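Note that the chains are named A, B, C and D in the order they appear, and that numbering of residues resets to 1 at the start of each chain.
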């Protein structure tokens, strides 16, 4: 099978670099095009990221001399079928840019939050709401796109609790209320992100815009897809307090939850999590973690440095399930914010789109 | 006025050292006696802490050659009126030891949790439940102690939310439910505490025994004192998730709260906190922070490294008061765990006992 | 005595803030003027540093509403006698700006490196080469300045070894060769400085321009002042390797040294350091640390977090003096890079200039 | 080919765990036996390391139920051909224990320092002094061992400079003098090692015993093997200052070096390093890194977190080669202290012994 040609826009930033690392050796996709701001345009990729390459493995040889294109010039991506957008800019600009690529016939899968509230754009966690990709049919019809499409992934902070809560819902135990406190890694802010002067021997109890996303995006992800649109699950209420902690990678969430109806026994919850498989696992997608949810029995897990790489950084690790004096139960969830929570999650979404015939 | 002679048992550990640092230059108390385990007994204090002195200022000259006594030999403390207990050992042993000192006529103020649930022992946050020291009258009567007494301070984790919640209660707005996540400093575990291998680039979502203390102790502190005993405030429910973070000093708490009755406006809450003064401030006790609660308007405060030293490490700093989608409000509280939360809190309690005539 | 009116240019940056903190309550100097880039000009100081105030104590009340002037407009500083320059900009621009202030009659004491190699500008470590301020006589004569002057302080990295080496030289034991490795705090890079993504669980073995300064500036500081000029001490050779480590404050240096002539006994070296007093101590200047050099006997000191505040952050702490298999001896030195190494060092220089009649 | 049965003594500690992780899937060796102190003896391995498993990948399934033997009972290892010793105890005890295993016919490869100075025991860096394994012939003859043997690896701190210096020596440019400062990771101290209270926002300029090993072991490694014994290379002098820094893994060394004779050009040095291959590469040993030395051109590399995993944690990364004002050149070296510097280095040595017929 010939690989699908892929372009990355915003290719020189941290998420863009992560795409390049994760797609190296991917069985379906091959990076053939890298684009960034006009400041980098024209330079070989190696030179454009010089001194700013943050991945542990070096820049793949094949890409070192690839000339960086200007991301605003969509025509340079010709020959690609799929565009991963890791652009970090003003939302209105990003929204327009991604729309422009889709208009030209590219399938756009984006990490940016610009299109997360666009009604006909699916915001996908493949294990949870894979059916939302059905929105693309209406998207194409309304916008008269033949092959173009836009799909997005949610904010990195929600990954550590959305899948565990969904597994319970799917098993007949929907959660009504969740009070959450996150402890988020510095890489979630991109590069440079918080200064070391701010993070050494310190914690910052605030991340601009993060609490709103952490509270609202899950309602849309859990929403029902009918009549070509998403009806958010307003029956669930989430309160999220987001903290930045001196950790490189791995977002953690302390979750207190109350069920809508009867609560399952603790042992049943663990079994539901351990048994859970989602669409990516059923479709055997290349980046699908097996299992998608890892439960740790130890009293002090998950921990970011120890557990972030579970399932190649694509699984969610949960632990410490125990009764809550105020609600029914509480637990701790953890996911890798730059793998599962950023480039890896978008790649899995693209694999889903390919497997379902949208790409 | 002649200073009151003070002994410290458990004087070589981290909390013991903190007593020595904080009492250096104290206007009322003077350290005349240091005791520790039999392994240290007989050595000059300087030698006994050699290589384990963790304070920033050096061992006070006056104490360097003071011979360390065996803490089990209560007779060596003769001449002291007040004993601060920073002993870290099996609870039953500590309970017996502290009782033995009180029997001999010493006023014992303890950091250890051994006596926190003893019915006739007051567990005191001087700004909150100073009246609980009235328990000592019954304690002395029942145990036929003339001058001896035992008073304890609560766990360090509760200091960052107990006083703010109490200020609201005192103003007529009692809280019914609080869901809390703490981010606690490594010094809270004493020395050595968590290994650097565990804390660099990491967070540990578990502290043995801490969640129980964080949930139960406030109910007793908020309890009513009548008929010579404490009736815990069972109308309040607390859920606490306790995390260890790579911070040297300063325990932080993310608090979600629901009021029993009508909720005040946010601005009113801030004013209640800023106006609040407790008994230590009214009595003008030497270690009383003025004000006891500091409210920071900045969106990203309090932060441990920036705010732990507010009020010489004795004040609670709060910030980020805002509505909660699930409960009424949420906020962030912070206090210095080894000052306010350990030696400093006990010294303030001793000052209160002195001012009220118990010492 | 009326206090001397002081202006700070570059007042909103980290070093500027440190000036404001350190000068609060200074017995001789009073901040009456703050200036910064045109972007901040016109705002109240409190607003200009909003969200970027990095000091532990709050902005002094007196300065909160003080309007920030444009640093390029020297006329706004009228009424001040002394200008501390904490400007961080292109060297040529800074050189011109500082010269312009001095031309207008201000005494300029600078942290910037712009004028460190200007032949008639003294680069001063007050304990070491206080006599170099004599350069100002020629500076004024040549430039026809009546009251204006420029004096600078050296790079923060040299403070942890220059004074210990000088004390030995003064005692008759000049060092011929020093091979040094520094471990420098992140605050030395100003704000934001290194990203937390770069410093957590990491070390960076490179600081642009730092090794050159660390090797060359000491030769000028140790130079002789005669015939109105400085003759650098070219008989000493220094090799410095500069590393950035995840420490907030405190630059450490591992020093290997070879004496020019006979080497003293180790005990003699310690005595020389402990006995050492410099001109600031003899003049009893307000910011002079007493003693200027602290020797720690413990095998594992100095350490940045434990020792950086020695002498209110103005002393140098040394330890681990021992034979070197290659040279004569080796030791570890430590100084606080933003107190002694930046604002504090410049304030001490200004105090020296005042005491010697230049201000 | 049937795999060689391997036993690990000291299997529950951090280095023991690292053996288990690194040997999982090894093409030649298979762990069949785990032994530890009597406190762990009799427990399944999974239970014995409960709460102390520090590796990122879980305990291999095959070993979870393997019963831990008492390391003092050498008979329990019957059936194994090779014993890796990761015992951490009193040197005399370890020396006796390892000798006892060798007497019983086991090939013992050790991380412990106990036998590093035993004249007939080779201390091996396979890329450097592989010929020293010839000592085993005399060892067996003198001790009348048929199949038993003892070989050891040097201290973890020397790995980041010994191979680069050897490559230069081999190319005809022996180094006469090296002045070194190391910045060493906390994992080098084993678990628990330094407390987080000591390492957050701090550096410790002292590691007991480390400087002596860092200075003396290279002389023996560079020694000549003739007449059945090692003659240390006393023509080289090393001064090493060893610092502990808040880094999880990766020991770094800042090296200043002076050549015995003529110095090569800088470009020649880089070429020598990049061209260098040692015996393990020539023998194509399974754990041999290819290349053994990685040179990074970037001005700020190597860095521990970015470069410690080069060559699967078995390569040495060097960078910043530049002239030294005091000696000829200086550079920075980095190696992974628990892979290359501990278990990985010992496994490579065992592979060498196997390939050369000693196992």
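One rule holds in what follows: a contact is a pair of C-beta atoms (placed from the backbone, for glycine too) under 8 Å apart; a residue touches a chain by one contact, two chains touch by 3 or more.
It should be emphasised that the depicted structure is a prediction, and the values quoted were computed from it without experimental measurement.
The most distant chain from chain C is A, comparing centres defined as mean Cα coordinates. In this structure, the chain pairs B-C and A-C differ in their number of contacting C-beta pairs, and the larger number is found at A-C.
One finds 40 Å separating the Cα centroids of chain B and chain C. Centre to centre, using the average C-alpha position, chain A and chain B are separated by 43 Å. Chain A and chain C have Cα centroids separated by 47 Å. Annotation for chain A: residues touching 2 or more other chains are 200-201, 246-248, 300, 305-306. Interchain contacts join each chain to each other chain, per the touch definition above. Chain contact summary for the complex, chain A toward chain C: residues 54, 186-187, 191-201, 246-248. Remark: chain A residues 51, 56, 200-201, 248, 298, 300, 305-306, 309 touch chain D in the complex.
Across the complex, chain D meets chain C through its residues 177-179, 181, 183, 200-206, 208, 215, 237-239, 241, 243, 245-248, 252, 254, 256, 299-306, 319-320, 324-327, 330, 332.
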